[in-house]
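These are the structures in question, set out in turn.
Two complexes are shown next, each including chain A; its partner changes from chain B in the first to chain C in the second.
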Partner chain A sequence: MSFLTLANISKTFGATVAVADFNLNIEKGEFVSFLGPSGCGKTTTLRMIAGFEMPSTGIITLDDMDITYQPPNQRNVGMVFQAYALFPNMTVAQNIGFGLQVRKTPPAEIQKRVEEMLALIHLEEFASRYPYQMSGGQQQRVALARALAIQPRVLLLDEPLSALDAKIRVELRLEIRRIQQTLGITTVYVTHDQEEALSLSDRVVVMSRGHMEQVGTPYEIYNYPTTEFVASFVGQLNLLPIANLDRTARSCTLAGQPVHFEHSTDRPISDTPRLAIRPEEFWLGDGQGRNLLRGRVETLIFLGAIIRVRVDIGDGVLISADLFNARSLNLPRVGDEVLVSFPVHACWLI
Partner chain B sequence: MLLAPMSSRLNTETVGIKRDAPQARPDSSRWRNWLGVTPFFLFTFLFIVLPSAYLLVGAFRNNSTGQFTLGNFLGLFTPEILSAYWVTIRISAVTALGGGLLGFMMAYAVTVGGLPRWVRTTLLTFSGVAANFAGVPLAFAFIATLGRTGMVTVFLKTILGLDLYDQGFSLYSFWGLSFTYLYFQFPLMVLTITPALDGLKREWREAAENLGASTFQYWTRVALPILMPPILGAMILLFGNSFGAYATALSLTGGFINLVTIVIGSQIKGDILYNPGLGYALAVGMVVVMAMAMMIYFALRRRSERWLRQ
Partner chain C sequence: MKAPAPSARRHVQTLWSWLWIVLGVLYFVVPLIATFDFSLRAKKDVLTFLAYGRIFTDAAFWRTFSFSLQMAFFAIVVSILLVVPTAYWIRLKLPRLRPMVEFVSMLPFVVPAIVLVFGLIRVFSGPPFRLTNTFAGTNVLLVAGYVVLALPYTYRAVDTGLGAIDVRTLTEAAQSLGAGWGTIMFKIIFPNLRVAILSGAFLTLATVIGEYTLATFIVGNKAFGPYMSLIGQNRTYESSSLAIISFLLTWAFMGLIQIFNRGRAEGHLAGAR
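What follows is the complex of A and B.
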């Protein structure tokens, strides 16, 4: 039996279905992310694990114990909130020690634990500061330490980095993963940021409109998306209209130009199939794979490490190709005719 | 080809304007802004600064000779006036506590308590009106309901057999006046404490619960300490509100209850006790008490706002 199990979970608010038929097993020490757009039900699911929402149907078990209707203050589940939720009337040390204090832990033990937590988040010198005297990133570290101080069975993080600026976000992301791995704590992380989910998680649950779209490792989610939603939500994707589809020969035409593809039978195909290709699979010139398209450069978008080239391949079909911004890159100019190639295994039908 | 010279000329003209620095606002808009707030400063000067200065000067001036004197302030230390201050402070404290508690409970019910939205709207609208409903109309309203022949008094006596006045209640007593003051005190508490209760974040409660706290622990260790400065601040405001009330007490009790405001009135415009200098000294004493109350209020509010800053 898994450490944390969500079986047939659903949640409705009036006529609105927030979560439907949610089934997930999480192993001890695993880091699982719920990834999806706003309103997909990821936070509601997390709140059901925390006990702030009751499921309309289904059972939640933690360490073989049914916690579905257990009050939040008896679950021993730590939670980190998006807006930190530090108690403003308490110092950092008091915030971290709060959970132990309400459990009537001896003061000496509280102090020892607080010091351990402060060392873990590298904020030893901030013990006597108030939350308003700290930056957002520091406050969120304290919130993490506060949640961990009670030695929770599961750590829940509800978009903990979304209120922070980009640089701090990346730093704290690494910090969270380091702490999680150090403590080996089972963690459920909610985010709408695919980069966060892919870089942090052992497994990612992609959600859309209250449903689980796909569960898998970051590698599986990115490289083998099983639905159109996952394919388009995680990473950039070219979804291109095709004609003359020959399933046996695994070929079709794209803007009148022949294309060969690979297709795995476990991937469902819609009634009006389209060809899916990641932008980074393209290569300018004819050196890459069997498929070759001819087109004209429409725009060049500079994204720092990557340059996105949009190529018009005819019939109004535009493809986006991402090229690494190496110094040796010989960039075409807008209006230039170019050849774009990509391997057969890089594209699939959706 | 023909367009080239024209475009060159346009470019030159564009360069002529200093586009890299934002242009300062014309000076004329500055004095217009000051003109907008002139009525406020004029009002403050005419009806706050000038009367206060007049009071202060009058309090140190002999009524008949016009010479400087401390006699008016020495006159404050008579048993009658000290008793007036004591009664006024008591009634202000009682109504601040009673109104504060009642108002807090009502504000709690419509904010944290989760009552339907329309209850909140109704309560806040009523409070907005009732907090400013004092003086003769309020006194009359209470006389008409809880006076000796008031509707409620008669109803309780005839229908339920309960004679309030036989039980020791009197609208014209200390407690009767305190009860009447509650009518404008608790709405003021509702109006001042509702924003503070709205400021309590749901996440604080959830974080506390998540860390193992009971509802009682959350309130005693998190919510009440956060709310304490605004609660105390609001109560001080209520204290000051009651401390300065005059018309309601005068209309209701006809001067039987010895409040500072009533004593001031009788010293300034009375036929028998006419002593404006003493009246001014009494008023200065009130200003000092009110100023102290306001200073405590602002200090507590600043502390609370600092906490709530994120």
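What follows is the complex of A and C.
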């Protein structure tokens, strides 16, 4: 049996369904992220694991024990919040030692553990500081150390990096993964940031409107999205209207231009199918497989490492192509006629 | 007609501001200076602190003052124990009830103290809670009355303090670390409301020390308020000196609130480097 199991979990607030029919098994030591937009139910699910919300239906088991209705202070689950939630009246050392003090751990043992935790987050010299004397990133590290000090069975992180600036976010993201792997602690991470989820997790659960859309490794989620929502939420995606669909020949037309695809027949397709292609699959010029489209460059958007070229291929259909900003890149100008190619295996029908 | 230059307009505005400030200061300070001056004229043609000396050597002054201090102390303790958990629970679990509780906490401003005291005497002079027959009973009743009277100050101060901290997240953080409600209240909530509680306590103290209506009808001349009134009726200069003393006491309490608040603000600024 899995270490953490959520079976048939649902949660309603009055007439609003926050989470519906949620089933997930998490193995010991696994890092799982709940990814989705605001209001998709990811935080509610996390709060049910923490014990701050009770499920309307379903069972949560942790290490073979039913914890569905167990009070949060008896679950031995560590939690890190978006707003840090350090106790303002306590120093860093007191914050980290709080959980151990509650458990009536001997003072010498508390001190030893606090020192270990401070070393883990590289903040040894900050032990006697108060939270308001530290930056947001430092406070969140302390919050992480405080949650880990009690040696929780599961670590829960509720958008812990959302309040931090971009550079600190990336640094702390790596730090969280390093600590998680060092300790081998089972971790559930809530985020609306796809980059965070993809870079941190062993598995990602994509959620929308209270439902699980897809569960898989970051590679599977990005490269083989099973629903339109996942395909468009995770990464950039061109969703293009098609005509003259021939399922047998696996071909169609896109703005009057022929396109071939390698669409797996076991994937469901909507009644009004559209062609899905990631922007990075395009290539300017002839040379990337069977599909070749002719169009006119409408805009060029510089995104640093990437240049996004928007090409009008006729009938008002615009495609976005991402090109690596290499010095050797022969960049077209706005208004230029261009050829855009992409391999047949790079597109699929939704 | 040509409009006045911006600098001239600013000059006129400054003059008006100063005029209103001076008028305001005079309105508040002149009666105090007059009272203070009068309190120094216990001897003909000499300015003397004689009236103050008589007050400080009067045993009744110390007796009533210490009694009122004790009553204030108990009122503060009961208020804190009653208001802090209530305001905390309302913020945490019943936020929809907040407007109603705020309204109830304001009632002592609306209901006159005389109505409150007659209500208390009527209810607590018979069974099941016969409190007006014993000294201890009347003291309990007086403290209870003071708790009600101070409710607008204590509730507002505590509620504002709770608004300044993220009550829900701090509570959940403590719970996830294994803390029960008692630990959360006494190790997280109370320490983080220190300034708010002190503000409420000093306001309660300032209110209770000079309170007249409840004290007169419940405990008679044992309290400081009725003592001040009695002095006012019988001893002219001493009553003025007592008025000044009570003003100084109130200001001292307000000053203490400011000192505690300033200490906290400076601490945070120091940390913002």
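Convention: the second predicted complex is superposed on the first by the 350 of 350 C-alpha atoms of A that agree within 3 Å, B and C clash if a C-alpha of one lies under 4 Å from a C-alpha of the other, contacts with A are read in each partner's own complex, and residues count from 1 in each chain.
The criterion applied here is as follows: contacts are C-beta pairs under 8 Å (C-beta built on N, C-alpha and C of every residue); 3 or more make two chains touch, one makes a residue touch a chain.
Only a predicted model underlies this, so the values are computations on that prediction, with no experimental measurement involved.
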Superposed on chain A, are chain B and chain C clashing or fitting side by side? clash
Just chain B (first), just chain C (second), both, or neither: which does A:Arg278 touch? neither
So in the superposed three-chain picture, is A:Lys11 touching just chain B, just chain C, both, or none of them (first/second/both/neither)? neither
Taking the superposition as given, does A:Gly99 touch the first partner, chain B, the second, chain C, both, or neither? both
Have a look at where A:Arg169 lands relative to chain B and chain C in the superposition and call it first, second, both or neither. neither
Touch test for A:Arg141: chain B only (first), chain C only (second), both, or neither? neither
Tell me the contact category for A:Asn89 with respect to chain B and chain C: first, second, both or neither. both
Chain B and chain C footprints on chain A, overlapping residues: 50-52, 71-79, 81, 83, 85-89, 98-99, 102-103, 130, 132, 143, 146-147, 150
Across the complex, what residues on chain A touch chain C? 50-52, 71-79, 81, 83, 85-89, 98-99, 102-103, 130, 132-134, 143, 146-147, 150, 156
Inside the complex, what are the residues of chain A that reach chain B? 50-52, 71-79, 81, 83-89, 98-99, 101-103, 130-132, 143, 146-147, 150
Taking the touch rule as given, give the residues of chain C at its contact with chain A in the complex, in rising order. 165-166, 169-170, 172-180, 183, 187-188, 191-192, 194, 267-268, 270-273
Chain A-facing residues of chain B, complex: 201, 203-204, 206-214, 217, 221-222, 225-226, 306-310
